[in-house]
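Two complexes come next, and they have one chain in common, chain A, joined by chain B in the first and chain C in the second.
Take a look at the complex of A and B:
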């Protein structure tokens, strides 16, 4: 546990001190400001528009950050050889990987929380008062971020090319929003080969429909069963990606 | 058990695949070598002779293709044994985002040392390597010499039984070389085992008890101190007779 904590701590510091962090924060602020201006165009639905724009911006920034950071997470340490000194200490490789992953998530989560608070503050100023719903929507975005982070880490270790890992991650993120459509396509497909391929891709890609609380929140707060299923899905999918990543990482030589 | 480390028929072949074509490079070939406890053992060799490969096998960063490598009685790379080994690579591969103090805190924790007393241990080590005043400066602002000291500090912080130094004198100024020599002798005085690789024959000659000469991935010769003591330039002439270039580079002749 102490190794995980130590790796977590330096990873978190490393990300927070990175200059890109500041650029992302500024980008988030600019998006928030842009949302405020855009929402002014729709006077009656101003708060609603601001809400949707802000949540979408926060999720996009988190997605880009987590994919970018996790794809570089281990590969950069291999390239700079900083990994030599870590792994020649009594650190189990899965612990190193988990510490790096959790440190990155904490940094991205912190950024999401800061942007979320700012956004929520703006919404309060516009007279919107759905605090509980907002928190749930934010948590669902965080869930997607966790899933994408673990998937990007796995792809970076499997493909060992940052560009390829990033493109595959972003493609799977897009596909993850269309799993129902992919199942439908597979059913309608005449070719058995195509059907199998679509099924494989749709099963491997994350199913973000399970985390799309924003799509249904106007019907009220979700049931505990829905929230439990979403949580189990995030934990299960991420754990599977991390277990496979650890398996790949165990076989690597430096 | 009198060995700190042992290579038993250890070999390493690097396989690289590019566009379906597999190329093989021999890193190390059937190395049989025992490093005794409490000695300073030097590995000498040309570039590509297998010095760093041998060290990486010892540290568990590479897996041997043939044979086996043991460190302090356990298989190389055994996680628990690594707590008793210190390693400083040829360059300071440290995280530039951290300060010197944070770096040592990190390695102290990774070495499984108790959190209690960590600050004192870290402060003492920073003082010992002359980095007290730069302890709270990020490594990105350190000079090369300061980074080498920080790298050495992380290797010694957990009081290891075996210290592995990969080309510790490379790129250092004369004063720093003198200090590094003093560190190796201090370690020997405290009963530690030191394995160091180097190109610098005069330095190896001064600090080592035994020397192994690697040539083209093979251990060509092992020298005892009596083989070179009292004979000026003995190591240089033995080395020149023992090694041959394997990198396809011919000799320089300007005449």
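Take a look at the complex of A and C:
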């Protein structure tokens, strides 16, 4: 446990001090400001547009950050040989991986929280009256970020190419938002084989479409059963990806 | 982590994710498929945004484009001669199908198509309101507008106005519809009520886009009321 904490701590500090992270935070601020200007076009729906744009910008920045940081997380240390130094200490490989992953998530989560607070403050200033749960929308974005981070880590270890891992991660992000469309296609498909294949792919891909509370915010609060299922889904999917990553990392020869 | 333990964690995680995924599917509100989006020049833009997980943002952009179209037109959509707002039904349904909870998109489209002078295509307005009620049967304003539309078809303008008037102060009523109602009273020479409504529009920060017009209308209506014999 102390090994995980030590790796977590140095990973978190490494990310927070990184200039790219700061640039992304500034980019987020610029997007939030842009949203403030663009939402003026929506007239009576200004608060709604400001809400949607801000939540989306926060999630997009978290996505880019988590994919970029996680893909480089282990590969860079392998390339620079820094990993030898760490693994000569009494740190088990899965603990190292988990510490690195959690440290990255904490750094990204901190950025998301800062941007979320700023956005929420702006909305209150604009006279936004609430309705729905901002915290829940933020948590859903964090959940998607956790799943995406674990997938990106798995892909970086499986593919060993940063570019390929990033491309596959982003493709899975898009595929994950198409799960409802895939079910629709499966229903319409005349071929049983095709229907089964589509169903398998749609179950294996992360179901981001259903985790996207942002997109159904205006339809009202989801049920407690939905919230419980979303939490279990995020934990289960990430645990499965992390277990495979740990296994791949264990088998790696440096 | 030894292989059997990693596999056990993987199996447990995957089983939990599969079970929770099925529960999520049951508990999630269903959104219209992208295949149901009306054929507009923006369909690729909508699909791209939806595939990036930005469906609500796509609905907001669709709303802004609808306002731009209704406010003076956009280059991608030109109206045939003598058919103003030809694309408004599609644009309204586009925003509403991207986010079925975007009730104001239904109400705005139906309001303009049903009541704006020189447009009055009641059938198109009724189709929009019916879709609103099909997706959300509990939406009260769509029901009210649909009933008002039925009175309009019958030529019972007094009851139609009474229904619309009752929903004037509802915060969900689109600004455009509030303006339409004020103009309907003005056209019926009920200048006092028209003035009251324009004053309400002028006082409401949500109707900010119509404030310059409200100032102009208030001035004109006051002038006409002063000039009326017996006032």
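Miscellaneous remarks
Convention: the second predicted complex is superposed on the first by the 237 of 254 C-alpha atoms of A that agree within 3 Å, B and C clash if a C-alpha of one lies under 4 Å from a C-alpha of the other, contacts with A are read in each partner's own complex, and residues count from 1 in each chain.
Assume a contact is a pair of C-beta atoms (placed from the backbone, for glycine too) under 8 Å apart; a residue touches a chain by one contact, two chains touch by 3 or more.
These numbers come from a predicted model, not from an experiment.
By the touch criterion stated above, A:13 is placed in contact with chain B alone, chain C being left untouched. Counting residues of chain A touched by each partner, chain B versus chain C, the larger count belongs to C.
After overlaying the two complexes on the shared chain, residue contacts for A:208 are found with chain C alone; chain B is out of touch.
In the superposed model, A:87 makes contact with chain B only, not with chain C.
Once the two complexes are laid over each other on the shared chain, residue contacts for A:49 go to chain C alone; chain B is not touched. By the touch criterion defined above, A:243 lies against chain C but remains apart from chain B after alignment on the C-alpha atoms of chain A. Residues 92 of chain A lie at the contact with chain B in one complex and at the contact with chain C in the other.
Of all residues in chain A, those touching chain C in their complex are 41-45, 48-49, 52-53, 56, 59-60, 92-94, 127, 144, 173-174, 176-178, 180-181, 183-184, 203, 207-212, 214-220, 222-223, 225-226, 228-230, 232-233, 235-244, 246-247, 250.
Note for the complex: chain B touches chain A at residues 56, 59-63, 79-83, 85, 87, 89, 91, 93-95, 97-98, 102, 106-107, 109-112, 115, 138, 151, 154. Interface of chain C with chain A (complex): residues 1-3, 6-7, 9-21, 23-25, 27-31, 33-35, 50-57, 59-60, 63-64, 67-68, 99-102, 104, 174-175, 205-209. If you check the complex, the residues on chain A that touch chain B are 2-3, 5-7, 9-10, 13-14, 17-18, 80-92, 253-254.
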